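Paired with chain B in one complex and with chain C in the other, chain A is shared by the two complexes that follow.
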Partner chain A sequence: MSRFSGLLRGREFSLALILVVAIGITGTINPRFLTGDGTRDLLTATAIVALLTIGMTPIVIMRHIDLSVASTVGLTAWLLADYSAKNPGTNALTMFILGPLIGLGAGLLNGVLVAGLRLPALVVTIGTLYIIRGIAYVVSNSVDYNAQEMPQDLLELQFKTYFGLIPFTFMLVIIGVILVGWYMKYTKAGRDCYAIGSNPPAADLAGINVFRRTFVAFLFSGFMAGLGGVFYIIRFAQVDSTAFYGQELGIVAAVVIGGVAIFGGAGTPVGAAIGALLVQTIQGALAALGVAPFWKQAINGTLLIIAIYVDRVIARRSEKSLLAQRIRERA
Partner chain B sequence: MASKGDLLLEMVDLQKRFGGAVALRSARLSVRAGEIHALIGENGAGKTTMLKILAGVYVPEGGSIRLGGEDFRAGSPFASISQGIAVICQEPSLFPDLSLAENVFIGRQPKRGVAINWKQAQSDAERLFKELGVPLDSKRQARGLSIADQQVVEIAKALSMDANIILMDEPTAALSASEVARLMTVMRALRDSNKGVVFVSHRLDEVFAISDHVTVLRDGQFVSESPIGKTNLQSVIKDMVGRELTELFPKGKHKIGEVVLEVEGLTNPAYFRDISLKVRSGEIVALAGLVGSGRSEVARCIFGVDQYESGTVKVRGQVQKPGSTKKALKNKIALVPEDRRQQGLFMISPISNNIAMQSFGDIARRLFINFRKERDLTSTWKERLNIKFNDAKDPVERLSGGNQQKTVLAKWLATNPDILIIDEPTRGIDVATKAEVHRLIDQAAADGKAILMISSELPEVLGMADRVIVMREGKQVAEFSRSEVTQEKVIAAATTSKKAS
Partner chain C sequence: MVSSIKGRTSGFRLAWDTAIILLLFFVWIFASITTENFLTAINVSQVFSNLSEIMIIAYPLTLLIISGEIDLSIASMLGLSSCMLGWTYLQGASIYLAILVAVLTGTLCGFVNGLLVMKVGLGSLAVTIGTLALYRGIAQGLLGEQTVNEFPEFWTSFGFDTVGTTFMPQTLPLVMISGIIFGLLMHRTPFGRRTFAIGQGVDSARFAGVNVVRHKIWLFALTGLMSGVAGVIYTFRFSTAQPDNAIGLELLVISACLLGGVSIFGGVGTMWGVVSGALLAGSVESWLTLREIQAQWRTIVTGVLLLLSVAAPVLANRIKTIRERARQT
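And then the complex of A and B:
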């Protein structure tokens, strides 16, 4: 019973509820949305962003941010395509190994700067956003790659589904959400992340290794961005140096909409992934309604502000009741 | 497990200084298993320094600390915990987003295989809470917990780490009466399980209600230790006071004029109720009382920083609009805040900027600041207040604490206020500069300013004030004129709910 009520109160549950409602509304406007094809489309379109929210979640929980992920996705995707173009016969497995390795490089750079040199993550990752994108421009030298230069077994994954419903890439997202969700909830290292974000000085006093947790989180975010590069090729089968340009804030928005506190200490990968789905669903609904695609960004922004406003209202309410309690006790 | 009466902790001849200021001269404390030991003394007596040494925050410079039969390893919070010492600070620092169970076991979560066993963490935490007589829900978040319950969580954490010495720094300062009663139940439970409990408090009735032993410190020095049955309120107060008054600047006699500031029935229910006071020109009125008794909040309301629920502030007979610093400034009120680093100065700005900050209106020509005038103003006040610096362009953070305080004073005196409110004028500054600050305050009174001084230092209150108003827990509890005030009277009014007879 208490477990059930806990679930009811949880942020993930209310998000899932909103998601169901959004899907229902979209489905009534556009019945195709509820079919197998519609669901596959939605999940395919969400997979990259959802994957990146998993990497971003621990970082935001620790009061940091990683704005370099979209650049890393782009650079990784281009380098992978370049590699397979120059090495005919490259298979999907190689891509799945190389991609995350390239991403780890970016994560290493961010980790050294933020955890090692204790520079603010916001500034550092804006810097690395430009650096990594700049590298992509330089190495690509305006060369684009198309499907014929990419490993065919990789591109075929685009059509692979489970239970006729879940695309391969989204299946990986589900596995990632479960693993990372479990890690964040059931290991000391995962709980340390929440403690660091919740009260940094107290985390120091509790003997938590803040450096190591921060460093590993940025490595992991880089790893996921590298994997995102592989996802990008699977989805678009075409890469140039501007791949995934400007998508970083959409990921942060999905994470925040998914209930990860931007000031740290709270949130789960499950919530973040649902946040990504919710954003995509609402986009789909608007498209079905015939809203011009120009509105897409504005709607995203509005969602984000609503999410942060709801958090604020809840926080204010509890502050007020605390003050009232204090006054009663004084009287 | 220690048995009752075993010597758990012995601190002898402890010494510690901060820069020029001596915090501990020869402090001493011994704690036995199964006792509640009160550690008392005035502000600045060195109690918190002793606690912080045990907590591993500071390293002592001399003396010995023995735990059971072993030497204490100082200087690391982690080492202190592993030696069985738990220090519970005034405002506990929990993780607000995490559950109570998690707060108790952070970093030491019980495991089943590789995974944290949350069921066990929750039931273990709840068992600890129950042992302490406070059945909290271990699954709830720490956010929003009352300070009393936060302390219970901290104590449970200490117990879960097998601490046998538990030190509490003014645990009752922020608690209501019923919460204090509950905390005392917890403390007795700890004592009965043969822990050594050290209780730092300013509230002497509580000290007498619960402790078995009391150690008194004064000026970083051990004064007395006695079983509670063999001492009484008067003799404890006598041990606490008796600080040297000679090092203070002698206050002059000034002509006291009209009422300039008049506060009537000022109430902000979260902090204070029904405060009424008058300050005349040339008069120094001291607001005495414990830290947290609501004095600074009264000052903030008078200066228009905070809103109040009822009551009025009158300046020269005119009611001042509440909640407007602009109006307060117009009424020529100045507030020198207690925390100069956070509230009084712009630490990285030049000294000259800081001094001229409130006087830009006078030294600006249209939109632009006249830097020659700023330089003149700075050198005028440098001379008048004897502020020591080489270059007025240096950031104010390079100055010593005393010179920073003079800089804040200069900033406000430069506005030529009629009413000067000074919150803790000499906190954290050396003796010589203290005397100078006192001279400046005295000079301001001689110039006919009305001065409201908040101070936790009794010698300062007694030395400077024409009248002393004492606050306790948000209420105005006593008023003494200069001729009738004594340290004993002020301490008794500030710390005990009954009159010391």
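And then the complex of A and C:
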């Protein structure tokens, strides 16, 4: 067991190492990247994706997927802007309460369909991706909102930083990573998720409440997507019904690059968040190198394929070492 | 025991296909009563024309899903083929060469997917999310902000006009012929039976002598090939080759397959089911357009149809099991 967790820790460690190298290279080419401004820009740009990877991690660990999060972010952001436009006195706190509540609604829908009816998550969340985005189209009726219709104290959070480096939104991400990371590692419920992901029928037979864990994971993902809607407003201060359109696969990519196995059973929120940072850093590095922005997606794709490949190699190696260990114990 | 359960599901799946066909007729009747223009030549032509690419890709994808894999990069392969077509033509090549290059590009992309999944041993869901970004990215790198929209008149009319004085769009014969070919391939040849065998149980198929690796690589390459063909059609239909052609189309194609009763877990599905699934989605959309219902609702309808297509068979099956259990006790 200790060896296995050692391997996992190794994965986060090597990711962090790659991240440091990437930051170093970018810094030497473009010194601005390493300044306070550069770091703040990087962290601000990563915050939403990193936040959503935290919500996605438990789901992917349990061999499911949630493709509807980007639609939920968009719908939540629009509804929040609409609410504050119609209730001029709204403050940031209300947004932070309402946003996750709206997200929970989406999570509830996914949870009922995937955990309750035991339908395949991939198909269900493609369906809810359409439905939630469609609701955003219908309710918005092509109305957009700009900064003046949003709570000013919420927008000011954009400039709030801690230690002169970490933006407010990213601070929340760090807190989220620590809490969820702790929860996944040290609580029974967290460990259950890994057991379910490693072998669903075995977990069921071992008396783990698969329904409850799956259901809660989808609720949580919806919650985080709702929070992501608040982040969206803070970051862009402008919302229309296509907000955050098509970003779902980028989140899955970050999660997988961060070492969460797409076949379930392994990975941590810390890794996933580092994955999100890494993707953003490499984008920044390429921009600094003068690579045309058109190649951005191609590089994203290549990164993802490399990450899956590394995953596969590590999985094979750990399988072998576990097998060798078992043979040694028998002998 | 296991086989009897499988048999029951596939039996029900067959019924689901018929249900979709019935539903399709119902929608047609309902739509032609509630609107004046539904069953007019021009509208039917529109419905088919809009479905061209979706159906052409849905055929091979059906086989791929039945074999237990998935390909999310189809729309990106379409986009890349379209860009290759435009780019090659822009370099002064003849249109025939450009079309050939486009189709070959699609095939090569599909082949790469197949290699990554079967030879390197990575999961098709994750890999094709990666190649979705990769192929689209190459298309963007290739053309940048450029768009190519000067194609020979003959070819752009191929994407737009109808055959002679009939209502058929010129793409329809191609859609129909490839549909028949893939239908026969799937239901009447050893190739098709092997596909089902792999989907029902990889190990038993392997023991029965099926070369699973080679077979699935073929399926991926076929999916790429047809995505390339769809790319050519798409380019001529809109007479533009640009990097974001058909972005997001992958989910519509997959919806059409699932709506037509193909099981996402593999092993079950029929070609007529998929064709009627695609037609159903297209007809409902056309009806919504004719009723002048806000375009926004269509997105919701697509989602609901997709959810229904997965939920209905599962729920019906469960009700059936409960009833049978009640009868036994």
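Throughout what follows, the second predicted complex is superposed on the first by the 305 of 331 C-alpha atoms of A that agree within 3 Å, B and C clash if a C-alpha of one lies under 4 Å from a C-alpha of the other, contacts with A are read in each partner's own complex, and residues count from 1 in each chain.
Rule of thumb we're sticking to: contacts are C-beta pairs under 8 Å (C-beta built on N, C-alpha and C of every residue); 3 or more make two chains touch, one makes a residue touch a chain.
All figures in this text were calculated on a predicted structure; none of them were measured in a lab.
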item	value
Which superposed partner A:Ile262 touches (first chain B, second chain C, both, neither)	second
Touched partner set for A:Tyr194, first chain B, second chain C, both or neither	first
Touching partner for A:Leu323 - first (chain B), second (chain C), both, neither	first
Partner chain(s) touched by A:Asn300 [first = chain B, second = chain C, both, neither]	second
Which of chain B and chain C A:Ala253 touches, first, second, both or neither	second
First, second, both or neither for A:Lys86, with chain B first and chain C second	neither
Residue contacts on chain A - larger count, chain B or chain C	C
First, second, both or neither for A:Leu129, with chain B first and chain C second	second
Touching partner for A:Ala202 - first (chain B), second (chain C), both, neither	first
Chain A partner contacts - residues on chain C that touch it in the complex	70, 72, 116, 120-123, 125-127, 129-138, 140-141, 144-145, 243, 247-248, 251, 254-255, 258, 264-265, 294-304, 306-307, 310-311, 314-315
Residue ranges of chain A touching chain C (in the complex, touch as defined)	65, 113, 117-120, 122-124, 126-135, 137-138, 141, 246, 249, 252-253, 256, 262-263, 292, 294-302, 304-305, 308-309, 312
Residues of chain A that touch chain B when the two form their complex	2, 6, 182, 185-188, 191-192, 194-195, 197-199, 201-203, 205-208, 261, 264-266, 318, 321-323, 325-327, 329-331
Residue numbers on chain B that touch chain A, as the complex places them	77-78, 81, 93-98, 102, 106-107, 109, 114-116, 118, 139, 143-144, 146, 176, 179, 269-270, 273, 473-474
